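Look at the two complexes coming up: subunit A is in both, with subunit B in one and subunit C in the other.
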Partner chain A sequence: MDWGVMLSYLPLYRDALLLTLRIGWQGVALALALGVVCALTLHLRLPVLRQIVTAYIELFRNTPLLVQLFFLYFALPKVGVRLSPDACGTLGLGLLGGAYMAETFRSGLDNIPTIQSESAQSLGMTRLQAFRYVILPQAVSSSVPGLVANVVFLLKETSVFSTISLMDLMFTAKDLIGMYAKTLECLTLLVVFYLIMLLPVSFLGSAIERRLRYAEFGDRRTV
Partner chain B sequence: MADILLELRHVHKRYGENVVLRDLDLTVRRGEVVVVIGPSGCGKSTLLRCVNALEDIQGGEVLLDGQPVRQEAKNISQMRQKIGMVFQSYDLFPHKTILENVLLAPLKVQKRQRPEAEAEALALLERVGLADRRDDYPRQLSGGQKQRVAIVRALMTHPEILLLDEITAALDPEMVHEVLEVVLDLAKNGSTMLIVTHEMAFARAIAHRVVFLENGEIVEESRDPKAFFTRPATERAQRFLRTFEY
Partner chain C sequence: MQSLGIDVLFKGRNLLRLLGGLWVAVRISLISVALSIVLGLLIGVLMTGKSPVLRGVFRLYLETVRILPQMVLLFIVYFGTTRLFGWNLSAEVSAVFVFTFWGAAEMGDLVRGAILSIPSIQRESAQALGMTPRQVYGYVILPQTVRRLIPLSINLITRMIKTTSLVMMIGMVEVLKVAQQIIEANRRTSPNAAFGLFAVVFLLYFAICWPISRLAGYLEKRWA
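Take a look at the complex of A and B:
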């Protein structure tokens, strides 16, 4: 292992990490927003919109991100829609993530027993108040593990960005290997940088999960 | 009659083809404790859920103080504040502390001032012996304690009538007592209650009137609970009460 070479590559990897993070988080933010809207549409069984959302979710969950990105980057320009690699990455990740976030959040909502809403309504709350004060907070906290898993999954999926010429971590590693053939060093750095990006997310997720334990109905700390 | 608080007139409830309540009439006077008993599946719980319009009804009407209680009515939130309900499974809000559980409706629905509502909440929690658990979460409490909190939560909106739906059915035997004590105390202080229960001794002790329900119909009604429980008039009620003997 050539440590000197690895050291000299560090700035390139750092830049790649920053780009990966930037587009990754933009995508995650878009995914969360889309996911919330879609989950509410499904949970509230809004007519028509619900069918559209279902079609969207199935489309994006059952095609690879690589294909989705190719479509956005190479096929859309043929019908006059030209997006920058940045926009394609964000949009692709956001659309894929939205489908997963929607499912996670919807199951969180659906898993809160109906009687929780009924007992809130029996106190005089409107349906909206019951949703806001009783259902939503519980659904959010019970969705956290799934949402964190989705975030980690999405940030890992950014590795296919390299195919639409975004200079992310994967792109940088492949590029350097192509030029200097330091395969072991480049791939080791790649592993290390993905860990730098993702371990904190996983740890943060576990910490949030612990804080939100109250949503568990099991009596772990009974009298 | 002026002192009638709750009135069910020809209430008809069905799920699809399955008729649960059949042309049911029932009145509860102010200050009266009415206990509904009957075999499981006879419609007891559905009856309570129809009173505060958690269930829609297919015929008849429910009147509280002469005002209709209807699911789609604009004033349903106001009406429900006058009808406290306690469920078999407590159904406290698991993400809120005991104090927050009982304060949620007064603060968010009734828009009361926090200091005043909190003082009342603490006084009520004290009365059921749980003031020291104010900052605990529901999962840290036993079933009996949770049910006492649920009663306090229902009382906080100052309901005119309390609906108790088999509130001891999910409890361990040794916790039944502490919950029923609270209910007896409320009855002594003149609360109006409509109670569904399987605790026959409790029903006998607390009821001003017993209603025996079977197949969605009132089969027997008695203003003399002692007499009802010793020798019910109808054969069906006799048969039902005999199932509690060994």
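Take a look at the complex of A and C:
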């Protein structure tokens, strides 16, 4: 191990981390927004829209992000849609994540027994109130663990961004290995930087999960 | 508007080459899944065992594999270990190794979850009937576990197939790479071929993964 070399690479890796984080979080935000809209569409059984959403979810859940990015970045310009690598990364991650988030939200919504909304309505709440004050809080708390798992999954998936010439961690490592052949140093830094990015999210996830379990109706820990 | 590359697809042996590329990816995932299932069963059983050391070791293994992107693992094995130990690994061997390493961890966790989901009264009743620990596993726990596991491991196959698209990054010629080669070769005659070819690759992946995940969903509902 050549520590001096590793030290000199640090700024490059830091920039790459920042880029990965920036596009990663933009993608996650887009995914959450898309996921909520799609899950509500499915939950409320809106005609026509529901079929479109189902097709979208199936299509993006059953193809790799790498192939989706290639389509966005190399194929779409041929029909006149030209996107920057940044936009492609965000959009690709957002579309992939949206499909996963939608599934997680939807199962959260669908797992609330119908008696909950019936009871709320019999107490004189309107459908909107029942949804806002009874269904939604329970659905959100039961889908949080899945959502956090999705976020970790999406941040990991950013590792294919290098193929559309985004200078992310993977790109930087590959580039440096290609130029200076300090393979082990570059790979060690790569692992360290991915851990810096992913470990906090993963820990935050388990903390949130414990907190929500604590507030959950009935104590499931003893079962 | 010029042709979008569908004609290129039917030129010469292009379609066959593309399918051949897809087979490279699918073959790696099938081999890895087969190995993962065998190793995963073993790991899963060990993870539910009594020894805290063993449980800790497997926990660490699982978390390590889960937290790192598969691409990083591929790079470590393909570029890192070859450098460190000076051996020669082909891209395919590295890929199978990495995907098995990852798949066995995931499978082990699924097996662990499935075993723990069998109520303990099943094990106790079997013991009360005078079965030996081996018989309890063979006749009571495993048959029920396997039934719960099958839909989950089918899901693992689709995840595996999707992940094998990464082998392009360590220089294997799989379906995306073949598509790129075909596009390059036809750059002059049909400059827009990228659209048709990448769309076809997209649909090919969907055509393989979708039926498999539908099957998993169906079995999950039926056997739940």
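Keep this in mind: the second predicted complex is superposed on the first by the 214 of 223 C-alpha atoms of A that agree within 3 Å, B and C clash if a C-alpha of one lies under 4 Å from a C-alpha of the other, contacts with A are read in each partner's own complex, and residues count from 1 in each chain.
Following the convention adopted for this analysis, a residue touches a chain if its C-beta (ideal position, glycine included) is under 8 Å from a C-beta of that chain, and two chains touch if they have at least 3 such contacts.
No experiment lies behind these values; they were computed from the predicted model shown.
Novice: Contact-wise, after the overlay, does A:S119 reach subunit B, subunit C, both or neither (first, second, both, neither)?
Specialist: In the superposed model, A:S119 contacts subunit B only, not subunit C.
Novice: Which chain makes contact with more of the residues of subunit A, subunit B or else subunit C?
Specialist: C
Novice: For A:L198, decide between first (touching subunit B), second (touching subunit C), both and neither.
Specialist: The answer is second: A:L198 touches subunit C but not subunit B.
Novice: Which partner chains sit in contact with A:V134 here, subunit B, subunit C, both or neither? Use first/second/both/neither.
Specialist: Touch status of A:V134: first partner only.
Novice: Tell me which partner A:L83 touches in the superposition: subunit B (first), subunit C (second), both or neither.
Specialist: It touches nothing on subunit B or subunit C.
Novice: Mind sorting out which residues of subunit A both subunit B and subunit C touch, each in its own complex?
Specialist: Overlap of subunit B and subunit C footprints on subunit A: empty.
Novice: For subunit C, which residues are in contact with subunit A within the complex?
Specialist: Subunit C reaches subunit A through residues 4-5, 67-72, 75-76, 79-80, 83-84, 158, 162-163, 165-166, 168-169, 176, 191-192, 194-195, 197-199, 201-202, 205-206, 209-210, 213.
Novice: For a test of understanding, state which residues of subunit A touch subunit B in their complex under the given definition.
Specialist: 113, 115-116, 118-126, 129, 133-134, 137-138, 141, 214-223
Novice: Inside the complex, what are the residues of subunit B that reach subunit A?
Specialist: Answer in residue numbers: 52, 54, 77-78, 80-81, 83-85, 87, 89, 91, 93-95, 104-105, 108-110, 137, 139-142, 145, 153-154, 156-157.
Novice: Can you tell me which positions in subunit A touch subunit C when the two form their complex?
Specialist: Within the complex, subunit A touches subunit C at residues 58-59, 61-64, 66-68, 70-71, 74-79, 152, 156-160, 162-163, 170, 173-174, 177, 183-184, 187, 190-191, 194-195, 198-199, 202.
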